[in-house]
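Here subunit A shows up in two complexes: once beside subunit B, once beside subunit C.
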Partner chain A sequence: MTPGWIIAVIAAAGLASGGALMAWPRSTWPLLGVLGVLFACLSVRGHKSSRFAIALALLLFFIPAAGTENTFLFELVTQMGIFAAMALGLNIVVGMAGLLDLGYAAFFAIGAYTWAIFGSGQAAEFMSGSFPLAGWPYFYLFSALAIITAALTGTLIGLPALRLRGDYLAIVTLGLGQVVRVLANNLDQPVNITNGPQGITPIERPPIGWLLGFMRFIGLGDNPALGYAIFFYLLVLAVIGIVVLVNVRLDRSRFGRAWVAIREDEIAARASGISLTRTKLQAFATGAAFSGVMGAIFSAKQLFVSPESFTLLQSITILAMVILGGMGSIRGALVGAMAVTLLNIEVLKSFSDFLVDLRQSGYVLDLGIVSFNFANLSDQVEPAKYERMIFGIILILMMIFRPSGLIPESRHRLEAGSEKKDGMTG
Partner chain B sequence: MSDALIELLPSVLLEGLLLGCVYAMIALGYTMVYGVLGLINFAHSEVFMVGAVAGIEVYRYVGPHIDNPYALAVVAMLVAAGVSGGLAVAIERLAYRPLRKRGSTNRLVPLITAIGVSFFLQDFVRLIEGLWHGEFYMNYPADARMEAVHELPLGMTIQTKSIIVIVVTAAMLLGLDHLVRRTRLGKAIRAVAQDLQTASLMGIDPDRIIARTFLIGGALGGVAGVMFGLLYSQINPFVGFVPGVKAFTAAVLGGIGNIYGAMLGGLVLGTVETLGGTYLFFLTEGAIGNEYKDVVAFLILVLLLLFRPQGLLGRTQGDKV
Partner chain C sequence: MLELRDVHACYGHIHALKGVTIHVQEGEIVTLIGSNGAGKSTTLRCISGLLAPRSGEILWRGQPIHGLKPFEVAALGIGHSPEGRRIFPRLSVEENLEIGAYLERDAAVIARRKTDVFSLFPRLAERRKQDGGTLSGGEQQMLAIGRALMQNPSLLLLDEPTLGLAPVLVENLFETLQTLHRAGKTILLVEQNAWHALHIAQRAYVLQTGSITHQGIAKEIADDPEVKQAYLGGD
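The block that comes next holds the complex of A and B.
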């Protein structure tokens, strides 16, 4: 339990950074401050309602207020939310059930294509009817459908794969993730379903007349680009809320306990009457479902999908989020997703820009013994393009030095205490 | 149409055999490490890639001084074997051994580390090549003497470089067989694979044997990298992934942990994949074809794991409590 004054400090920091963000919406430091406060809200223990109130104030007042000046804020947080939902889904599979899934982006692709095909003219290529399906109910209907298609695909992939030992599963999901991509790339003939490597565009978005009306009412005008930025921001926040709630409830349900049981010891779990294949399939399908719904939202947000959005790098990115946050930890998955997304689209990019500036300025670093002229710096040195190296380092270092992650799962913390006492393990 | 199928068969088989040689050499690295540690070494595909890149560097820097393309290929293979073997040992020492020493029982930890190493190496090589030469897409230089075509019976033709690949693979497989079966080191490797704890009680230093296993597997992977470069010419830092997954499939196909299984599995997979890719095209009258050859390989893996998870030569083994 955290002392009350720490919560007060967090609240004050939240107010200060939120106010600063409103005053300077384009500056990086207030943004980092706001995200830092959100991190703090996720990582301290106790005082649930105060922490919740602080986070809500930031997410529903300060960030939107600043976002109307700088839509990049909406983009950033929406991106974080999409990844957070996927990290939560993968956390069920990898963290709770202990099944290493390296093809997780495949389910994201399934969800994205579910809406992309019917939300654009693409469906007319292989079936009759009038497409795209515009109008308000369709997008929500297909988002729900994406949950089902992704969960079904998860079950189908899982059926053969989950009968295997853990490490075979990793390589099978790795392969099947690639298969989904090969299919997306090549199903433009003989029947054109996915439009192949060109991808599908434009994809319909749900109408947002109500939101634009509200924006006019509060004096923001009715710029549809801003409207959609706000719409997807709110939609993703709402979905994240639901996903977190489902995760928390699952974690404490029969399912959650069964998942953790098979993760810790399959043989003991089976001896306790848990059906291994069924329990693993449930984990797989649940994880896939979260990814699927975010895929549908992603396709509507981006207006464009192509097979290149669903690579192994994507799957490993989400894995890095789960590992960084802490396997099995719900709050860890959220923190991991925020941190890795921020690293990916803000920190590395700024660092690259910084190096470009240094190179152009021809700054000479003189250390006495050696001196280095930045004008000679190769243009191959561009941190934003080396995500693989960075995720690789994150995975290796976390596994060697802190395998339970930044915010360890509460069960692990309890075990870590008892492990020292009995001395002998394994 | 069926005439064309039969006419093509010998050359398709030969092509499959060549691909199979590469797969077999990589698969040995996976299977040997799996044998001693029970770990899928995801980083092995990058050990292979580093071998291919080391070979390119030999062609770049030594190539102009040696006029004999056969000797040059052998030098490239030796250097690649050394670099890749050393890299594999370094990976084991820096990434896997600390985990082993900690005695973590979580099976996911070493696997995730291996994936991290694999991703790190892809970009690391890209960075090094980018800084060194300004680009990271590379080609093995073509040499007319290596490309020379020889006639074989049944209307088949074979290039000199293909003969070299087959001869080198055969030699290395025989050498490995000798090493594993007839030497003290081979005996120790087999002992560690059978039971690490008991082997260490018998005076075998498991760490040393594990390091040697990584060295041998890595060296074979490095040679495979040069063979891959000779056969298909184009190399980049991401080239290891697909052959890596295929070779792992081959290792499972033959029965993981079993080195003869890996050899057999590699040859079978290379042949089946090439046959499947070519004949899909004919059977569907051109509607779908070679782009699905990866799918063929993964389908084999899935079906195999469903119906014969112990592989062609493997034996079933119950879980130990």
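The block that comes next holds the complex of A and C.
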């Protein structure tokens, strides 16, 4: 339990950074402040309702208010949300059930293509009927369908993987994940289902007349680009809310217990009456489902999908989020997704821009002994391209200094906090 | 209640069980003694479905159960506390017990069984929020037995529950087994600690390199000169 004054400090910091973000919506520092407060809300213990209220105020008031000036904020948080849902799904498979899955982006692809094919003219290539399926119920219907198709694919990929563990399972899932991408790449012949490497575009978005009406009402005008930014922001927040709720329920249910049991000791779990087959498949299917629904939302948001969006790097990025946050920890997965996304699309890019500015201005760093003229900095030096290297370094550092993640699974907290006793004394 | 007829089992090329025939009656404590590698644990693994026998029959209340999956065997009321305790070290005592009751969905029943286990092993109640891995060896063994009891099994398969325990704890544990027996549990006990096991059991089997060499009333087995020589340290 955290003392009350810390919560008060977090609330004050939330108010200050939120206000600063509204005043300077394009500046990076207030944004980092806001995200820092969200991190704090996730990592502090106790005072559930106050923390929830602070996070909600930031997410539903300060960020949207600043976002109307700078839609990039919506884009950033929406991306974070999409990755957070996937991190939560992968957390079930890898973190809770202990099944190392390196092909997780495949389920995201399945979800994305489920809506992309029917939400564009693509479906007309191989079936009769009028496409795209525009109009309000279709997108939501197909999002639900994406959950089912992803869960089914998860089960299918899980089946051959059932007898494998650890490294072997990782290799098989890595291969199966690539199979999905290669299929998407090549299913333009003989029947054009996925449109191959060109990808599918444009993809329909659900109509948002109601939101535009509301925006006109509060004096924001009816710019559809802003409307859709807000729409996807709210949609992703709502889905994340549901996903977190489902995760928390699962974690405490017999499913969650069974997952953790097979992770900890398969033989003991089997002796306790847990079916390995069923439990592993449930983990794969549940994890895949979360990814599938976000895939559908992603395709509508981007208006475009292509096999290039679902590479191995994508799977590894999500795994990095889970490991960074803390395997098996729900709050950890959220924090990991936020941190990695932020690093990817904000910090590295800003740093690149910063270096470009320095280079162009010919700034000379003079420390007396050494001096460096930034005009001489090679064009090749661009942090945004070092994503993989930086992930690698982060993961190595995490493994050395904090192997159970930023926010360890609550089951491990006792162990970390209390001194270990010798387990073999009589 | 339980009957094994001519059960053979192999690990790869190693022929671990060479025609084991044993039976357990309702309400008995039956012990299976023998040296390392005799096939005691293998016998239990065959019964609970962790290992499929190569040939032979395993009957539970007259019905064949060989070839069933472990969770199906568990659902029939056979609880297996496997060799080496195998508690979940990173889960709390309570979570360990809850996993034991995995097949039971009724929360009230699970709570009642938990109370029963805690009254049998008050030490576990004191440590209910503690991680399994932080318990002492004796407590871990209590937890392993408690976890198997959470299934509310009619037959309890115990694999070397006294392994690595101090003598005083061994005494306590055997007393607890007798308490369970008086409460009506049937127990098939695999032990290296032959003297104690023969003391509390009604009947006994001696297993040697995969075959039964002696069987009968526990007291008589304990008096058998050959058994005495081999397992009870002579006299």
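Going forward, the second predicted complex is superposed on the first by the 412 of 426 C-alpha atoms of A that agree within 3 Å, B and C clash if a C-alpha of one lies under 4 Å from a C-alpha of the other, contacts with A are read in each partner's own complex, and residues count from 1 in each chain.
Here is the rule we go by: contacts are C-beta pairs under 8 Å (C-beta built on N, C-alpha and C of every residue); 3 or more make two chains touch, one makes a residue touch a chain.
Worth saying up front: this structure is predicted, and the values here are computed from it rather than measured.
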Please tell me, clash or fit, for subunit B and subunit C sharing subunit A in the overlay. fit
Any idea whether subunit B or subunit C touches more of subunit A? B
Report for A:R249: first if it touches subunit B alone, second if subunit C alone, otherwise both or neither. neither
Contact-wise, after the overlay, does A:I394 reach subunit B, subunit C, both or neither (first, second, both, neither)? first
Students often get this wrong, so check: with C-alpha centres, what angle lies at subunit A between subunit B and subunit C, to the nearest 10 degrees? 70
Check whether A:R402 is in contact with subunit B, with subunit C, with both or with neither, and answer first, second, both or neither. neither
Quick check for you: in the superposed arrangement, does A:N185 touch first (subunit B), second (subunit C), both or neither? first
First (subunit B), second (subunit C), both or neither: which does A:L102 touch? first
Where does A:I267 make contact in the superposed view: on subunit B (first), on subunit C (second), on both, or on neither? both
Taking every C-alpha pair between subunit B and subunit C in the superposed model, the minimum, in Å, is 7
Overlap of subunit B and subunit C contacts on subunit A, residues 267, 425-426
In their complex, what parts of subunit A are in touch with subunit B? 94, 98, 100, 102, 160-161, 163-164, 166-168, 170-172, 174-176, 178-179, 182-183, 185-186, 189-190, 266-267, 312, 316, 319, 323, 327, 378, 380-381, 386-389, 391-396, 399-400, 403, 425-426
Can you list the subunit C residues touching subunit A in their complex? 48-50, 69-71, 74-75, 80-82, 86-92, 95, 98-100, 102-103, 105, 129-131, 133-138, 140, 147-148, 150-151, 164-166, 168-169
What part of subunit B is in contact with subunit A in the complex they form? 38-40, 42, 95, 98-99, 103-113, 115-124, 126-127, 130-131, 134, 241, 245, 248-249, 252, 284, 287-288, 291-292, 294-295, 297-298, 301-302, 305-306, 309, 319, 321
Complex interface listing, subunit A residues touching subunit C: 254, 257-258, 260-261, 264-265, 267-275, 411-412, 414-415, 418, 420-426
